[in-house]
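Letters A, B, C and D name the chains as they come in the text, with residue numbers starting at 1 for each one.
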Amino acid sequence: EPALIFDLGGKFDKSFNEAAFNGAKRWADETGNTFREIELQSEAQREQALRRFAEAGSNPIVMTGFAFGDILNQVAPDYPDTDFAIIDMVVDQPNVRSVVFNEHEGSYLVGMMAAEASKTGTVGFIGGMDIPLIRKFACGFAEGVKAVNPDATVIANMTGTTPAAWNDPVKGSELTKAQISQGADVVYAAAGGTGVGVLQTAADEGILSIGVDSNQNHLHPGKVLTSMTKRVDNAVYQAFTDGAGMEKGFNVMGVANEGVGFAMDENNADLVSAEMKANVEAAAAKIADGSLMVHDYMSDDSCPVLDF
Amino acid sequence: MTANDSRGQPETAAPAIELKGISKAFGPVQANKDISIRVMPGTIHGIIGENGAGKSTLMSILYGFYKADAGEIFIAGRKANITDSQAAIAAGIGMVFQHFKLVENFTVLENIILGAEDGWKLRPSLNKARKSLVELAKDYGLNVEPDALVQDIGVGMQQRVEILKALYRQADILILDEPTGVLTPAEADQLFRILGRLRSEGKTIILITHKLREIMEITDTVSVMRRGEMTATVQTAETSPAELAELMVGRKVLLRVDKTPATPGEVVLDVKNLKVVDDKGVERLRGINLNVRAGEVLGIAGVAGNGQSELLEVLGGYQDGTGEVRVNGQLIDLTGKKSDGQSRRARGIAHVPEDRQREGLIMEYQAWENTAFGYHRDPAYKSGILMDNAAIRADTAEKMERFDVRPPNPRLEAKNFSGGNQQKLVLAREIERNPDLLLIGQPTRGVDIGAIEFIHQQIVALRDQGKAILLVSVELEEILALSDRIAVMFDGKIMGERLPDQTDEKELGLLMAGITDTDRDHSVEEVEANLAHAGGDTSKEV
Amino acid sequence: MDVMPKWAEVILVPLISLLLAAALSALVILAIGEDPVAAVKMMVTGALGSTYGWGYTLYYATNFMFTGLAVAIAFHARLFNIGGEGQAMLGGLGVALACLYIPWPHWSLALIGAAVMAGLFGAVWAAIPAWLQAKRGSHIVITTIMFNFIAAALLNYVLVNLLRPRGQMDPATARFPEATNLPTLHELLAPLGIEFSKSAPANVSFLVAVAACFVLWVLIWRTRLGYEIRAYGHSESAAKYAGISPVRITMIAMIISGALAGMMAINNVMGEAERLVLNSTEGAGFIGIAVALMGRSHPLGVFFSAILFGFLYQGGAELALWTSIPRELIVVIQALVILFTGALDNMVRMPLERFFLMVRTPPKPERKPVEPAE
Amino acid sequence: MDYMTLIQLLDSTVRLATPLLLACLAGLFSERAGIFDIGLEGKMLAAAFFSAAVASLTGSVWIGLLAGIAASMSLAALHGVASITFRGNQLISGVAINFLAAGLTVLIAQDWFSQGGRTPSLMGGARFEGITLPGADAIADVPVIGPLYAELISGHSILVYMAFAAVPLTWWLLYRTRFGLRLRAVGENPAAVDTAGVSVVGLRYAAVAICGVLCGIAGAYLSTALQAGFVKDMSAGRGFIALAALIFAKWRPWYALWATLLFGLFGALETRPDVIENVIGFKVQGQLLGALPYLMTVVILAGFVGKAIPPRAGGEPYVKER
């Protein structure tokens, strides 16, 4: 029986963890099998959950979130017969599959769309907490914007410095309004539950928004320009399907293998012109074949186009 | 069947109040035991008894503040069902509690209408109250400033507010629980004039007091309580203070202080030009000069709030001041780090503060912890880096024994001792230190006569050992009885010094009102006007 | 003066309160369609049924002991320190600096060094609000709340911009060197021949916490400083009379309080995570308030209520692992326990008192009835 | 900073201050009556959930508002039972209520909607829309007062106007009516109220109930006016900030308005680093920006606000005999 461990945000965070849950559920629905899961309540439970599931014979064990990396590195050698998959982090152990996503690439693509959809030449980014992962999103996004419109302004705000920053839609709303008053007409939210407020306010105020992780286009049909999809669901689904004895090593999920991308569906069909779509797809192709390198904030802890 | 018939006594009228078989226990403590009492209309009925005898409890039951466990209450011959204060008020009962029940940051007027407003809007109620206040003031000479905050007026004034509260509610029966405990003789006299006035109007008054002089002066009948029981009820005219005292305490009580003339020695305390400015910037002491010699008691008389408290505080080390204070010839710091209670104690100054509950004791501390209070850094109470609790407890047991503190249990919390016994705890702590100088404020406030006798004996004994004593009291009787010299304070200054055998209450009373030409005749109004001027912030006295 | 025998007050009242909380929790579990009996069984065996369970229970309890004691000592001086959370964060920073930048030869020295740093950092973070309260009259409740937020921002800055190893995704410090790793109870007990679970995080900090309980008990009830702190807490006016400086007591009580809260970091940061992560305190500072209040600010009470909360945390984790009961249920159970044992205790006490008053032998006639009985 | 920016900043201030103001006034009633309440946060959260949930189920935001108020009042009643009837510790009771609300809202949300502790998004009549005050459109283009009226004063949800109206109302109730006199008295000296023949228990329950109503509106404002639905923990510490504002305001209604507006302004400034940069001339580092409101509060508190004296009987249960 496989197991899935969600990060502290909880499985219904409408983005990252929820995507993982959807992948697991898809697997369960298709195979008719069951899986174990746990939503963590505290840091100490990371190791506890890993060990308990491993000892109870769960295999493989999939976990979401970079915060598991350090602990998995310690725990994995103790259970050589158990396979682990970690999402968003590289752990170099023989029984671990590491799945990382090139969020900067996906963000670059939606950044391009934002720049093309923007009439004011000003777009906004709203992050949850100011942590490197979020800067990676922001930097890729800004680069995409600048690629289309070098004169565009990117306003980037972070919501807060406590965990409440991920669950403060009211603050998300206010930030959106503040960005609107500075001229932004497309905003990209990478802020968990706070993003709900961003998308809502953007819809209310008649500007476009960009969702994150899952496809959030349906939240406000016709108001969400697109979503930067990070196919965590596929990663989990794949790990569950491969089951025990799966292939280990690094899996880099980028634009090339459709690990990240932008969401198109009937909800945003009218918002994205054919030309826009073509441009973005062309860029995607270039990223895929390596002719276009999007700067990864994590590579040198800095961003050439955005100042934090 | 009326209350009168039941006793079969010939009565001209039904008693205004009759209590039958009232019992009340607080947990294991039986505060009132099967108490019966009848109070005739248009009389003043005194109740006396030791601390903790159950007087306040009984009155609180009558006022509906506590519920009796058993017993019945009859008002004007009819059985009354007093379930709460509302019912008591409706039955025409008003009560002035021992500890005033006033909202300190409300105005006088607001306090008076609280609970007796008419209508839900405040304005009309206030206006109406203001009018009746003027009338009441005229009728009874109860002058108050309606818009003053209660925390800014003196205790005497607060007392009036409490009485006005009852009168405003048209009380026919007025209960006063130790009303004179914090009043000066002048204020007390005025209170009694008002009570006399009320009696003549047919109102019934119950007066609880520890002062036999007051009982003899104003009451018609007096009841004595002991240990939760009503032990006697007598006509005031047919009894004497000595008899009452004996009924109360169960033994003969010396009503005078026996002392030999003083033999003053060296100057122990020498104060020059002492000034104190309080937090609000008001000058509370305006250049005090005085000295106290070894082996004498200097009594400081004065209306509460004229700087006596500040004098004790600054000498006790917890109020900053300027000027020159010497103890045994050595200058002491009046400000800064070295000026605190600890350094004063190190200089041989002991201090019995005016307010035992707010300052002298930690009410939640057990008796033994309180015995160390202020002296907790004494090496004798130390064992290694810890406090030697066993030593403190042993010491406490001895002190309690010597000072006859009851119950003599070092592990009882201070709040569970009666007022008199709390005071003895403080005295034991301070006197047994054998200080060079004892500062002592209001030593017998609210204390029963048995305890007063004892406390006075201790003070005299300390003096006879050659110690210097600075006594502050608003009780002129006490000042006259204990002091070897008397200084009168008014408005932060010493108005004059007198010798106890060359002065009297009248002269001191005038000095206390700031009037120095004491030979002339003075009208009541003049004295009052002066007093009002000096009233000051005395809320802390309550 | 007590109506009830001491054992009833100390054991019976909390026990019945706890049972009431459990009964209500059972109803909630039933309402969401789960089996309450099985759930309780799982919690108890999961938290107390094995050395593994105990290892986690005690780990959480250690955190709560530190923060609970921190709140308790401040309470004795009538100061309400809501800032335990921020002080613990700063304590974590202190531990991290001590462990990362000083080459410790042995864990025992590292523990001492880290504890000192943790205490120091926590104390400084408490001393500022204390000073503002003592000197400027700024209400300590507001300032400590504000300092929690400021601490979070500071920690965020330090971890993201300064202490995070280059290229690391996790806003956390590097792992502390091997030499600073604290021995777990497993390692400590093994030489004594006691088998204790290897994987549980309870470590030597637990012993430090227990020692802190004892030291604090001595401090509060047996030393002159404790005497002064309590005196000040009961009555500021009396404290002044006795020559106890309000400024000094406010500062000292808050510094001790902050140091204790900061020292929590030797458990969660040094003992468990072995690196400093952003979210290391996880609200333990706030739980400390409940722990202190439930323990009536007495170190022994704090000890037991910390264990109770440790039990709830670990039992809750077990529930989350093996059932589909949502983790919020655990929060509800915690709420009910706090409510019944801490706030509704009189609901149990009042009828009990009446009962004991009824059954107690009537006072002997020769006893003076008005003298308060002991 | 130009005029429009100022207007926008103040507009944001008003929105952010409104829930704080309502909660602060709620706390004011409770604490003025002598009942400390650190459970404002929990009551707000519960109200936020129930108003959104019921609005979403019924399609009517007004019914939602009532449900939110009812939920908040139930928790207030619990606080009352614990701290008034059973004379329990008011702080513990408040802590417990915060936990209870945090847990129950998600639990029930999951049970009702299965959307991971969220309610569905509210649409149409299920949420409060901003209302345009008469004439706002007409004078919008008038310089200075046009934007002031049309942007800042007009266009908020009805709850904002209710919150602001609650300030004079509270003042009037407290200082001009019999109820207010008694309420203030019971927080200062309950024995005085008791001996005056007025029920201490009754008054305190009334105060706690009013506290419940106001917290209920505050919560409803979060989820049905500012947002279009409930997200777990969405009160995000605002109850504690309201408590700080209450102390800041020295338990007075008008001061409460200024205090919460100040906190609102800090919050608004935090969303506009560009404005701050313009005003002070250099860029404020991100985390410092986040900490700024709290630093400013401490500075103002230490520098300008004197000692705050709470209601004297606050926090102590009223026991007249043991």
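Rule of thumb we're sticking to: a residue touches a chain if its C-beta (ideal position, glycine included) is under 8 Å from a C-beta of that chain, and two chains touch if they have at least 3 such contacts.
Keep in mind that this is a model prediction, so the values were computed, not measured.
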Ask   = Any chains in contact with both chain A and chain D?
value = C
Ask   = Between what two chains do the most C-beta pairs come into contact?
value = C-D
Ask   = Which one of the chains is farthest from chain B, going by Cα centres?
value = A
Query = With chain centres defined as C-alpha means, what is the inter-centre distance between chain B and chain D in Å?
reply = 46
Query = Using the average of all C-alpha atoms in each chain as its centre, how far is it in Å between chain C and chain D?
reply = 30
Task = List the centre-to-centre spacing of chain A and chain B in whole Å, with centres computed as mean CA coordinates.
result = 75
Note = The distance between the C-alpha centres of chain A and chain C, rounded to whole Å, is 37
Task = Could you check chain D for residues that touch two or more other chains and list them?
result = 110, 117, 286-287, 290-291
Query = Which residues of chain A are in contact with two or more other chains?
reply = 10, 130, 161-162
Remark   = Among chain B residues, those touching two or more other chains are 27
Task = Return all touching chain pairs.
result = A-C, A-D, B-C, B-D, C-D
Message = Taking the touch rule as given, give the residues of chain C at its contact with chain D in the complex, in rising order.
response = 28, 32, 80, 132, 136-139, 141-143, 145-147, 149-150, 153-154, 156-157, 160, 286, 289-290, 293-294, 326, 328-336, 338-339, 342-347, 350
Ask   = Where on chain C does chain A make contact in their complex?
value = 56, 59-60, 149, 152-153, 155-157, 160, 164, 166-172, 175, 199, 201, 268, 272-273, 275, 277-280, 282, 313, 316-317, 320-321, 326-327, 330
Ask   = Hey, which residues of chain D end up touching chain B in the complex?
value = 175-182, 184-185, 188-189, 191-199, 312, 320-322
Note = Listed in rising order, the residues of chain B that touch chain C in the complex are 27-31, 33, 52-54, 227-228, 316-318, 340-345, 351, 353, 355, 358-365, 369, 372-374, 376-377, 382, 385-387, 389, 406-407, 409, 411-413, 416-417
Inquiry  = If we count contacts the way the header does, which residues on chain D are in touch with chain C in the complex?
reply    = 78, 81-83, 86-93, 95-100, 102-104, 106-107, 110-111, 117, 240-241, 243-244, 247-248, 285-288, 290-291, 293-295, 297-298, 301-303, 305-308
